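Structure first, then comments.
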Amino acid sequence: MKQTVSEELKRIFNRAPFIADLGIQLDSLGHGKCTTVLLLQPRHLQQDGYVHAGVQATMADHTAGAAAATLLQIGQIVLTAEFKINLLRAAKGDRLICRSKVLKPGKQITVVESEIFCAASETEKLVSKATVTIAVVTL
Amino acid sequence: MKQTVSEELKRIFNRAPFIADLGIQLDSLGHGKCTTVLLLQPRHLQQDGYVHAGVQATMADHTAGAAAATLLQIGQIVLTAEFKINLLRAAKGDRLICRSKVLKPGKQITVVESEIFCAASETEKLVSKATVTIAVVTL
Amino acid sequence: MKQTVSEELKRIFNRAPFIADLGIQLDSLGHGKCTTVLLLQPRHLQQDGYVHAGVQATMADHTAGAAAATLLQIGQIVLTAEFKINLLRAAKGDRLICRSKVLKPGKQITVVESEIFCAASETEKLVSKATVTIAVVTL
Amino acid sequence: MKQTVSEELKRIFNRAPFIADLGIQLDSLGHGKCTTVLLLQPRHLQQDGYVHAGVQATMADHTAGAAAATLLQIGQIVLTAEFKINLLRAAKGDRLICRSKVLKPGKQITVVESEIFCAASETEKLVSKATVTIAVVTL
């Protein structure tokens, strides 16, 4: 039996151990959109005390996949084909917010952009931006 | 006092909490080269039971940084400006091996390629490949 | 004698033979922004009658360089370190318009986004989007 | 009637006006491989007298498409989904040689790497490297 789109979205967030392990949480979902949040802990950092690029890349990729999944048809899943991320500023703060938005939906390939903001008390700064190419696979 | 290159390399592996948290270990270092290994655990996976793209991206980025750092001069550090990673095959196995090699060293920018292999018993397959653009920063 | 920023901008558009050869024209310049236009000719196409990805890449790269150059200091020039372009739709029409905008200026590295639209009579569609990493070099 | 693979390859080189216009010529074809050559002319340059990044990008993309096309089945065509190119050195010389090789073939997506060398008399230097993600489309 083929799964529904909302089942695929639940799977993406509740059955992805690495996302749970890092602490990345779903904040909101819309048509072609997804926002996630991560409360920063010391274990997320690199050698200079900034958030590791790998944490940002994980969030950019996974949130993009969820944004793409909001546009799936029954029986389809998403798989990341490739992504590129530019690290714009050293990320230091309390939490990361990732906002992903589908730039171009497609039958075989969907392109999503993810912007990651680092927030601390009153401020919120864009720290990285990714473009994610997602393969839409019919099971 | 400015730090030496080997101090920067130690820092990259011993003072990067996210790398320790994931379990990524230094395997070998050479002139413009670095290899790391990760023993896979359930927490490294995504919703389909494959290694999460974010784990691979983290390894590709960090190992590339170390490869670039082997070519630094005293008082310089490396910072990832951007990277692109192509996920070539679903990654399932016992461990990941990342082999990074400097493609072009530079005064301001060094370009590194990282290949990630997924190994299980006798087999080893290329599962992803990244190109990493690294800023060389003089402190 | 070091050249001024406006001299560098003139150089980028009047002394770049490949840009003149293709027919790419400066439309407007602002602080961290540049727009160019290309009237399409049969020679700009690929085998299926669409605008060649290389034409779009050239426009995305060159317009990004000009956008970055608006933020230079005297005696600096821009050099593209790398770029990534996603081809979103087959491009067919009368002209291409490229709008480039600096996402993050920097002392060593400036990141620019370029959006390319293909226009025909009343319509204008986003056909590709690029992220361009530009090295700022002090002569 | 569906076209054969060799027809698709001929089409890629003989029916792509932009490639003919630039002067890019097929040098050799193999299983998952393609090499092209471009004799450099003043019109291929940018404002500093080096080969324009757009010329290199065009060659990297088109040669990658041809390499991917050698692995097609009857009735399929290739379309570039995205590519990333790192400009490694200023390119100055008599000719460019582009060597493209399939890194991973796929039913929906094929990934190709293109290396561009700039040659002058006795020397040949790697000046840029691209990773090209190609959509395999069944007509």
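Side notes on the structure shown:
Chains here go by letter, A, B, C and D, matching the order in which they are written, and residues are numbered from 1 within each.
Note that in this section a residue touches a chain if its C-beta (ideal position, glycine included) is under 8 Å from a C-beta of that chain, and two chains touch if they have at least 3 such contacts.
The structure presented is a predicted model; accordingly, all values stated were derived computationally and were not measured.
Set against the Cα centre of subunit D, the chain with the most distant centre is A.
Set against one another, B-C and B-D show the most C-beta pairs in contact at B-D.
Note on chain placement: the centre of subunit C and the centre of subunit D lie 21 Å apart, centres being C-alpha means.
Our note on geometry: subunit B versus subunit C, Cα centroid distance of 32 Å, whole angstroms.
If you average the Cα atoms of subunit B and of subunit D, the two centres end up 29 Å apart.
Within subunit A, the positions touching two or more other chains are listed as 81-82, 84, 86, 111, 131, 133. Within the complex formed with subunit D, the subunit B residues making contact are 84, 86, 88-89, 103-104, 111, 126, 129, 131, 133. Residues 11-12, 15-22, 42-48, 52-55, 57-59, 61-62, 77, 79-87, 90 of subunit C are the ones touching subunit D in the complex.
Of all residues in subunit A, only 81-82, 84, 108-109, 111, 131, 133, 135, 137 touch subunit D in the complex they form.
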